[in-house]
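Here you go, one structure.
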Amino acid sequence: MTAALALRGLVVGHGGAPVLHGVSFEVDEGSVVALVGGNGAGKTTLLRTVSGLLTPTAGTVHLHGRDLARVGVEDRVRAGLAQVPEGRGVITELTIEENLRLGGLWRGDPADLRAALAEMEELFEPLARRRTSLGHQLSGGERQMLAIARALVARPRVLLLDEPSLGLAPLVVAQIMRVLRELCDRTGLTVLLAEQNVAGALSVADRGVVLGLGEVVADRPAAALAQDETLRHAYLGF
Amino acid sequence: MNARRTLLLAAGGLVLAIGATFLLDPFRNYQLALVAAYLCATAGLTVLVGLSGQLSLGHAALMAAGGYGYALTVNALTGAGVDGVGRFLGGIVGAVVVSGVVGLLLGLAGARLHGPYLAGLTLTLVVAVPAVAASVPALQGDRGVRTAFDGVPAPLRSLIALEQWQAWVALAVAAVAVTGLVLLRDGRAGLRMRAVRDDEVAAALAGIAPARVKVLAFVASAVTAGLGGSVLVFVTQSVSPGAFPLGLSLLLLVAVVVGGLGSLLGAALGAVLVVLLPWLVGTVTDALPLPDAVVQRLDGTLASLVFGVLLIALVAGAPGGLAGALTAARARRRARRAAGGAGGRRRTRPSRGGAAAAPPTGDPSAPARPATPTPTPSTPREPVRTPTEG
Amino acid sequence: MDRLVFLLGTGVARGTVLALFALSLVLIWRATRIVNFAAGAMAVVGVYVGVAVTGATGSWWWGLVATVVAGGLLGFVVERGVLRFASARSPLSGVILAIGLVVVLQSLLGIVFGQEHEPVQPPFSDRPLQVGGVPLLSPYDLFVVVVALGLLGALRLLFVKTSLGLQLRAAAFEPEVSRLLGVRVARMRTVGWVLAASAASLAALLAVPNELGLNPHAADMLFVSAFTVAVVGGLDSPGGALLGGLTVGVVTSVVTGYLGATLAPVAVLGLLAAVLLLRPSGLFAQAEARRA
């Protein structure tokens, strides 16, 4: 079986020194993989490379066996890869509904878009109540729900999440994580979740990949990873 | 470089240039005087844009301010019975005061405005010059103001022609203006301007008042542009709005970008181009077997076209301008020589490609500065970014 | 009093044209953070094409169509061919490139058409109509108001109600996020330039009969006024463009009527300086303007 997402030997730099030095791992279809590691480990760089915002100097990204090297950012979305960017990326000048619609416009199917919006408003109930509010009127938790819902409107097969728990109350985080897990179990969605909140991420993930200074330090089942004392102390800080 | 060396160099350069006027015929000397006049303006503009990061599209208006200041003062002095050197110097003072005041007002505005807003304000100013000239009775609208004729001083009359004398005066004024700018650039004020240009907040935290620095840059630039305007009036004995159109303003900017933003050598190259290119193009079109109507249409416009194309090509391809390209070539030669001895372990930066557009260089390209051994002329201005990682 | 009413009427007509032109600047500013200093020169190219087509076909309406099409084409070429070289890091590079374009376009027009002022006849009478014994608007002014307001309304509908408009807005506000959502941002930017350049060309065509005539510099003053409008209304605010346009239109009309046409540029300069120094984000901007 081909993996939903396969990274091989990714080397990525920001102008000068590389940030990722040959990162390889796979994400199985329908699984949730937590990508954890401290500040500066390279999590955001990795996600931005997968979504195409950064170009690797070496290595490949395969989505369901298809090499993405020559596929632009906009076309990766069309290939079934969605990203919730760092800082959520809610467009604050647009209303909630406009933000949501934006996620599915490329599909060019108004009926399907309406159906997707209805699903999302069911899934994230607070959004339905504030449909015409502008993005900047939302709380942090609502923004995160909106960002995830907007990515899901595209009906992706692989979802990349960058720090969804940042700045949110633990209760809200738990709620969001639960919704994600249910979604994966129900629809077979694949999730790659970059998190500093290691405990929270590992609690919903099937597997955990630990990134340290641009290299994969560990890659094993989430439960095993949460047990590993030395790794926890050295890289995860809890 | 220390101030005394700058002054000695300037004096030496001026003597050389004055000596060179003996080799030129009257028409060439007239062109040289024009080059000197435009050099005042381009030098001021390149310091403003390159050093302090403020963009002015209105330097023709500042030249006009200087020109009118000169003309009105000279006429007033003529009325009071003053003539000769005293009258000329009085006119210069008038030019400095008027252009300095306009520059101060613009500088105060510029200190509060971001790039495109300031550019728009200065553009509006230059478009409004004819209207201002028409609305103030003393400026006499489109007809403009005529000034008394300054001939060659009596002791020199048998030696040099009028054009040569005018070239001398123009060169002297330009030498003063450029020397002033060099001193400003190399002094503490120049350092502060670069700091403000690169990062206003950081400069403010280091105890620099960004607003004051920006205003100073604008005033200095305006005064030199005003001096350029007064030289033009001195040479042509008249000043009118038609001499300072929007096109001239844009051409000055084109000249400093083509020469290389922030570089005084580039400003000089630009000033030469502003005068010589239309003349060269005119010579070529005159020589070609074209109908008169066509030649008339090409007059001026073809040269501007060349300028515009050059500007776009340079911003897209060589952000350092002509002066930058010269320095880069020199540095490459030096690097090759040095590499022979040092085993070639020299790290060169990747070229910054087409996307980088004319960021003001730290100006290592000034003509008189001792050579620095860096292999590339411009250092990237953006701070080194570490990947943000949540 | 009659005179004031008349001046207000012409001011409103001029103001709507200015608003249309200013909207072009606002669109490009929002999409690319560049003030298109070449807007005037580009618009004049469109007007020359339109006037040539009118001359060839004898129909002012075909000229209007040609102006809009030529303006849009030029917008496409300029965005794809020139302004993509503008550096995102240096806000000056966009202005400098646009200035290069102005110089190129104006000298090309000078070479092809010469510098003479060529009078352009309006398609309708420009004699003011009498309303209750008071001269008010001319039929042409009325036509201008209707076309300009209609177009402003149509553009508003496009931006607010259609999915293309939603993508245009999103691409302008957050290009990177928009790309992650599958919006083809580069294409949106081009569409924005084409729309903006068409609108500016049309505005210039509407304004030319009331000016001295057509020459390569015919839109210099129009551009300066429109820039002032955009600043008065807020460069980020399309709604502000209309209010700003009416303000500047009425001010210039009243100044022209009572103090003479030569003073109009001074009035515009004064208004611009006052607004920039007192409220740089614009009189009618709802949100605080983003930093340039």
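Order of writing sets the chain letters: A, B and C. Residues in each chain are counted from 1.
The criterion applied here is as follows: a contact is a pair of C-beta atoms (placed from the backbone, for glycine too) under 8 Å apart; a residue touches a chain by one contact, two chains touch by 3 or more.
Keep in mind that what you see is a predicted model, and the values were worked out from it rather than measured.
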Chain pair bearing the highest count of C-beta contacts: B-C
Chain at maximum distance from subunit C, centres defined as averaged CA atoms: A
Intercentroid distance (Cα basis), subunit C paired with subunit B, Å: 32
Centroid distance [mean C-alpha coordinates] between subunit B and subunit A, Å: 53
Centroid spacing, where centroids are CA-atom means, of subunit A and subunit C in whole angstrom: 43
Residues of subunit A defined as touching subunit C within the complex: 51, 53, 73-74, 77-78, 82-83, 85, 89, 91-94, 98, 101-103, 105-106, 150-151, 154
Contact footprint of subunit B on subunit C as seen in their complex: 29, 34-35, 37, 82, 85-97, 99-108, 110-111, 114, 217, 220-221, 224, 227-228, 231, 235, 262-266, 268-269, 272-273, 276-277, 280, 291-292
For the subunit B and subunit C complex, residues of the former touching the latter: 49, 53, 55, 57, 109, 112-117, 119-121, 123-125, 127-128, 130-132, 134-135, 141, 246-247, 250-251, 253-254, 257, 297-298, 300-305, 307-309, 311-312, 315-316, 354-359, 381-382
In the complex with subunit A, residue positions of subunit C that touch it: 163, 166-167, 169-170, 173-174, 176-185, 287
